[in-house]
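Inspection log for the structure reproduced underneath, given as structure tokens.
Chain lettering (A, B, C, D and E) follows the sequence in which the chains are written, and residue indices restart at 1 in each chain.
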Amino acid sequence: MLQYIVKRIFEMIPILFIVSIVIFFFTHLIPGDPARLVAGKDATFEEVEIIRAELGLDKPIWEQYVTYMSNLFQGDLGTSLKTGLPVMDMFTDRFMPSIYLTLFSMVWALVIGLLIGTFSAVYKNKWPDYLGMVTAVSGISLPGFWLGLLLIQIFSVKLGWFPTGGIQGWESYVLPSLTLGAGIMSMLARFTRSSLLETLKADFIRTGRAKGLKESVVIPKHALRNSLIPVVTIAGLQFGFLLGGSVVVETVFSFPGMGRLLIDSIAFRDYPVIQAEMLLFSIEFILVNLVVDILYSYLNPKIRYAT
Amino acid sequence: MSNALLKVTNLKKSFSIPNGMFGKKKSLKAVHDVSFIIPEGKTFSLVGESGCGKSTTGRLISRLIQPSEGEIWIDGEEISQKKEAHLKAIRKKVQMIFQDPYASLNPRMKVRDIVGEPLVIHTNLTKAERNKQVSEMLEVVGLSEYHADRYAHEFSGGQRQRIGIARALIMKPKLIIADEPVSALDVSIQSQILNLLKDLQREFHLTYLFISHDLSVVEHISDHIGVMYLGTIVETGPKEVIFSNPQHPYTKALLSSIPIPDPRLRRERIILQGDLPSPVNPPTGCRFHTRCPVATDICKVTEPPVKPGVTPDHFVACHLVDY
Amino acid sequence: MEVTREVNHSVTVKPVKKYSPLKEFWKNWKRQKTAFWASFFILLLILIAIIGPYIAPYDPYEPNYNEVLQGPSKDHLAGTDEYGRDIFSRLLAGTRISLSVSFLSVLLGAIGGTILGLLSGYFGGWLDRIIMRTSDVLFAFPDILLAIAIIAILGPGLKNVVIAVAVFSVPSFARLVRGATLEGKETVFVEAAKSIGASHSRIMLKHIFPETLGSLIVFISMRIGTAILAASSLSFLGLGASPETPDWGAMLSLGRDYLGTASHVVMMPGIAIFLTVLAFNLVGDGLRDVLDPKTKNE
Amino acid sequence: SSKESGGKKNGETGDQELVIAVNENFISMDPHNTGDTNSNSVQSAMLEGLLGSDEEGKIITQLAEDYSVSEDALTYSFKLRQGVKFHDGESFNAEAVKANFERIMNDDSLRLYSRGFSLITNIEVVSDYEIKVTLKEPYAGMLTRFVSAKILSPKLLEAGSEEIGKNPVGTGPFKFVEWVQGDHLTVERFDEYWDKKDRVKKITYKPVPENGSRVAMLKTGEAHVIYPLPSQNIKELESNKDVAIQKIPSTIARYVSINTMKEPFDDVRVRQALNYAVDKDAFISVVNAGYGLPLDSIIPSKTLHYEKQELYQHNIEKAKELLKEAGLADGFTAEIWGNTNSDTMKGMQFIQQQLEQIGVEVEIKSMEEGTLSDEIYGAQTPEDTKLQMWYVSWSAYPSDTTNATKPLFYSGSFPPGGANTAYYKNDQVDKWIEEVNMTPDESKQSAIYSDIQSTIYQDAPWIFLGVDEILAAKRANVEGVFISPTGGINVLDANLK
Amino acid sequence: MEKLLHVEMLETEFTKDKQKTKILHGVTFHINKGEVLGLVGESGSGKSLTSLSIMKLFKGTSGEISRGNIQFHNQELTTKSESEMRKIRGKQIAMIFQEPMTSLNPVMKIGEQLLEPIRIHLGFKEKQAKEHAISILKKVGIPRAEEILNEFPHQLSGGMRQRIMIAMAISCNPELLIADEPTTALDVTIQAQILDLLKQLQQKENMSVLLITHDLGVVAEMCDRVVVMYAGRVVEEADVYDLFESPKHPYTKGLIGSVPKIGQKKDKLDSIKGNVPDPSNLPKGCKFAPRCNDAMGICFEEEPPTMTFENDRKCSCWLYKEERGDICV
């Protein structure tokens, strides 16, 4: 297993290499002149050129690429064009809150999604099913920022239960993760339901009942674990959605995360930040999928024991 | 043997299969050195247990997959390594009937289009001409024009298998490869189809490669039989020899395993111990030695040669048989 | 499993009654109650998309500075916005825009993804690897970020929103179709088609593509919901339709400043989006149940 | 109305902490290289220049006790305040000032370098508390630059630019505590500040880009001051007795710059027609929710040397007539560009609606900021540009009339060299601009600027729209916090009651 | 002989779209103690449904017993509650299914699955249960029993899995074992092993077995008595020797004639024309009449009653109306 993980991590290297190339050229493809943006509206032509030279943007693009890559290999993500701070420094404060936000969203979405999905499947075509599925379909049908704004109005302004934004403590994570996780929760609830329904038709469920097992044993012990296999895969893929969805949520909740930084950096053509962050997203995504694969193999003994 | 329509020599096929999530690819020897001949107008059957390579052999001959090694001569033409583009002519001569009458017909096509599809591919006939031929062919297999505008799933298993047969026959092929054409059917329907296949053979002078795991069906339909075990043919010969004077211990065991539908004939059987070994790691020496009730030391190390059997067209691959 | 399916089929032979796929679909569709009504709602939306601008009580673009930010009333069913424009009229006019943006982008994405998925799944090998690795890279970038980047390159505007949403839909469609193709490729009837000498293109188009169609339609209907949401998110981030356009997403995002003061400006387009996306999701769910052979006969 | 429950819970931080929510992230704490208002606001809590500005934007002394400018407008002499300490314990003196100015002079990548400091030829430390700066040519904006050039601790200067950007050390009433990127920046009262007064213990600045969220924070009491206050929320907040609203006329001019070199805009009648077609009052009430003033000159009224011009009163008939004279009775079509900011979008929509009345069909192209700036500054010559109309705003320090005119109307400021996106070229105006910048005498300056204003206003290179009123709101218990006409937040005397 | 199970006039139906379809029509038969009863018939004739009805395993389907009695040891099963049934399932009546592949939970270790019924029904504690499990595994001929407990189903071959299923079924010493096509999915050589095992166990434990199959060979090999079903009805019931020697019902005759027999030099097999009818669209009269070569006028009009003949044979066919025999029902 460990060997496998190490192998997978090594396999990441060429992918990330390609990704970094793509990102680099992609970033530079975006129209807009960072030198001009750094210099400001009232800057003269000469000022812009001075800044361009300062930022190394006057060199041919391949030369910039070589510099970028060689820095990257030395673990240097570069310096933000906009703030003049090392990209690392800009990430340090934002990275963990982003991760927490994503994780909290994922965790509650998983727990609630599984619960709703399970109840819906077990009480198929009865009111818990209808209730669960109405919740779930609504969850994927609401525009995220709309939901966020509503939550602020209700829970911050009217009730005063949670702060409207920022990160002061765990309370600050509640509304953003509710907003961010809603879609995934719904998705997972639906997947759990259909997966569980499929599993409940399986022969081994009948076997379990024929053994004289209670439903309260058959469902969680025999059915749910089998149903989790597709659910986990979906959850992994949804992680990408979380990373992206956070952009909107971070905007609504003035949450100091990575998504907002990326938007700002794109607006400012802050190449080093965009590149570093895209790379980071790719790494996260690949790592998450590695975790999913491992989890998957844990859930599915066929994969675990394949020889 | 004269007039061999199909001649297969030393056919081999291995698949590389993924080894779970955590391992390298492995090679699975599905077919391992298979040779046989089918004279024109005769039926040759391949029998054996699940996974022994019967279907793979059939698919190799129809060139749905490419052999790793060996030769396939059909009607005097060697086709084992031909490129897809050059196979069209062969595809006219060789047709297949599949085991699963539900899966082998496209559920979204009408019977007329299913049966007529070979005509679209191989001929320039007009629609009307095609329809005429389709109707004729439906009559031949015991269906009628009246069924032509329906979808496959409106038919019962037996009827579907007839549609499949009609599709196979419409190009007037020489060789028909029938891969377990009756295994999925109820006994009452199975006999209908077996009877039909026999009739058609006589009428159109067809040559059959018949694949089955059911020895009683095989006995009923074939002229020659090849018994397969784990990718190789262990015994081949005329049906009479195989059934009345089997030589290979596996053939004997197989024959004795069949439950006979007559309570008075309950008997002591040879019950083979253990399971079929995996074709990924086939046993050394004689592939059957792990389950063979009479295996000796040599069987564990040396692969048995193919030896002539009781009649000129009978061969056995067993160390312990000598003629 | 296998056996029960056989039973089901072999006994449904009614050689007298003629089978029509459409009729059968209709029969099953009527049974999907929520989806059935949701599909009516969508039909209504499509109708509005066609005639909406003609039946709107007011000019959706015409400002009326005397009636700014009025709440819903008899005169203005959904109230007015900050320019005194009638929100109801704007919603009606916006139906066409929002629907066509989402339809178009999903359709483009579906076409692109289907072609890539079919080729990738059918031929496998290096082609498959290139297509799938590329889509992996695309996958690694969250949808919205990808769209933002694309729009950063192309500039904002509805046309580019369509392109951006289409581009980020491509990998999902490619994967879906590839999966279905891999499955379809293994079906016996494809093998049968191959054995009678059918060409690759014939097999792909006549035999495999129709197999993928069911899941494709389901996915398209679900994706339309996603596309509407994505387009409105892009508007929210200021990258969508030009501001005077009564695009729902744009209305929603420009109206969000009034959430605390004149909430109908936000609520109305929000509800329109919500209901539409909901309807598409419900229809998607229903279609899945009807088109999927596994759940079809329940 | 606001719910006190929220206020209490989130106000737990205590009365000694003031929270200020602004709309954008702070970019850098390096005062010599800052272009954005919000960073400036934060810096001004911690850092001081030789000169400062008052509520109206007038220049006052800060670290200098007194200053004078020579006749030839080349030499600036400062007498420095004594007994001032930096937050790190260093003492403030002429050497410290010199070190700061030299840093700017020697690093051409700093913003302030090209804004005046590159003109410095000599810095003379006359005594410990006296310093003289000599320029190579007269520059009217220089005094304003001495406001911007905050004085940092010499120790910090040695630590280098990266450290300066993250961890500023100055002489201001508050000292830096922490800056959590994207979330907040906190400063703390500096008890040895030279001007002793009651001040709040701590100030936290938070960037909150979403308008609704900022307002919500004010209502819940999570923030004590919010800037900017979205105009649509004013009505709602006015009735709230816990909240006080501030409206300050700004130096932010809103206009549509018209490419005077493109047909049909090269005809002054057309440009005037456009000006007559737009109802400025309606503009202010629609786009700014009623908060703002018409732009009745080429510079806002708060700017030094401002002189009111006769407004292009809303007059459709006249506009149509002018168009007819110009041979465009049937109107024409044109494109207006702007960024994707929601206020800009609103403004452009408004212009579109207004011009439609005289038959001018306007197509709105909102572009993301970077792309827009590429489109505008990417054109190397006036012939290259595709720009027709640009909906934009400009802001300069009230004391810096140069910056409010030269980059915008001087023919040497055509893009990419400057922001003269109207491609306005008037030889007479060019001469005046050159002249006024050589003149140290304020009254003479005033006279020239008077001519400049009336000429340009007549030439109508812009559609003159309005001057924003700066809107901010604070909780009623906040004292001593005010917003300057440029949008800077002054917390010098901030306190909570 | 003691009757262990008596099924009488059993009717089971499914509901779809509020419409009920009756699948089983008056199914009547019994199983004696220690006997192997074969239940044969074509696909869809209701064999599996009969067994599920006995166990009342309808959860997840719309099926329900609408009429009839099922007497097990003189207890009436049809009126028992779900929790009472749970005490019977796996303890007194155990069941094995056709697909050993899918009938075991793929993500649970063999041990976990095997121990479940032992714990519930026998109340054994961990160690004791495990010992018991191992002894059962040995009984069904599984080598390396202890290791197998820690393995997953996919690590075993089909034959081994079916042995596990059997072990699970017999672990609580049931009196009745229902085996629904236990060997259909297996290869002939493996089938021979399993049948052999079943026979041995049945004799050793004196268990009653309801063996469901469509393979007449298996019936002939294994059963004492045979019940033949067609379209949800019992059409013939007889001692296995009698059945094969002199089948009465034309359907039974057809079935036996359709099977190719080794050594039988027959160019053409007998066959039954037509197809199995749709349960929701059954013909009038005798359900087999449209496929029957001997059908008479009455066959298309009226359902034949069940007639009893010597040696406890039963058959429902109008052909025997004239023959001596009591008409029941």
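In this text, a residue touches a chain if its C-beta (ideal position, glycine included) is under 8 Å from a C-beta of that chain, and two chains touch if they have at least 3 such contacts.
Small disclaimer: the values here were computed from a predicted structure and weren't measured.
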Q. What shortest step count links chain B and chain D in the network of chain contacts?
A. 2
Q) Can you name the chains that touch chain C as well as chain E? A) A, B
Q) Which chain's centre, taken as the mean of its Cα atoms, is farthest from the centre of chain B? A) D
Q: Report which interface contains more C-beta contacts, comparing B-C against A-D.
A: A-D
Q.
Measuring centre to centre with CA averages, how many angstrom lie between chain C and chain D?
A. 46
Q: Between chain A and chain C, tell me the centre distance in angstrom, where each centre is the average of that chain's C-alpha atoms.
A: 23
Q.
Can you work out the whole-Å distance between the CA centroids of chain D and chain E?
A. 89
(Q) Using mean CA coordinates as chain centres, what's the gap between chain B and chain E in Å? (A) 32
Q.
Going by the contact rule already set, what residues in chain D reach two or more other chains?
A. 212, 216, 368, 370-371
Q: Would you give the residues of chain B that are in contact with at least 2 other chains, written as numbers and ranges?
A: 156, 159
Q. For chain A, which residues are shared contacts with two or more other chains?
A. 30-32, 149, 153, 157, 203, 251, 266, 302, 305
Q) Which positions of chain E touch chain A when the two form their complex? A) 55, 57, 59-60, 86-91, 94-95, 97, 99, 102-108, 116-117, 120-121, 152, 154-155, 165, 168
Q | Sites on chain A touched by chain E in the complex | A | 200-215, 217, 221-222, 225-226, 299-302, 305
(Q) List the residues on chain D that touch chain A in their complex, please. (A) 2-3, 5-10, 25, 27-28, 30, 33, 35, 108-109, 111, 114, 161-162, 165-166, 180-184, 206-210, 212-214, 216-217, 219-220, 222, 368-371, 373-374, 377-378, 394, 396, 403, 407, 413, 416-419
Q. Taking the complex as given, what residues does chain B use to touch chain E?
A. 49-50, 156, 158-159, 186-192, 194-195, 198, 213, 215-217, 219-220, 243, 253-266, 269, 271-273, 275-276, 291
Q) Which chain B residues qualify as touching chain C in the complex? A) 59, 62, 64, 87-88, 91-92, 94-96, 98-100, 102-109, 117-118, 121-122, 147, 149-151, 153-157, 159, 164, 167, 171, 184
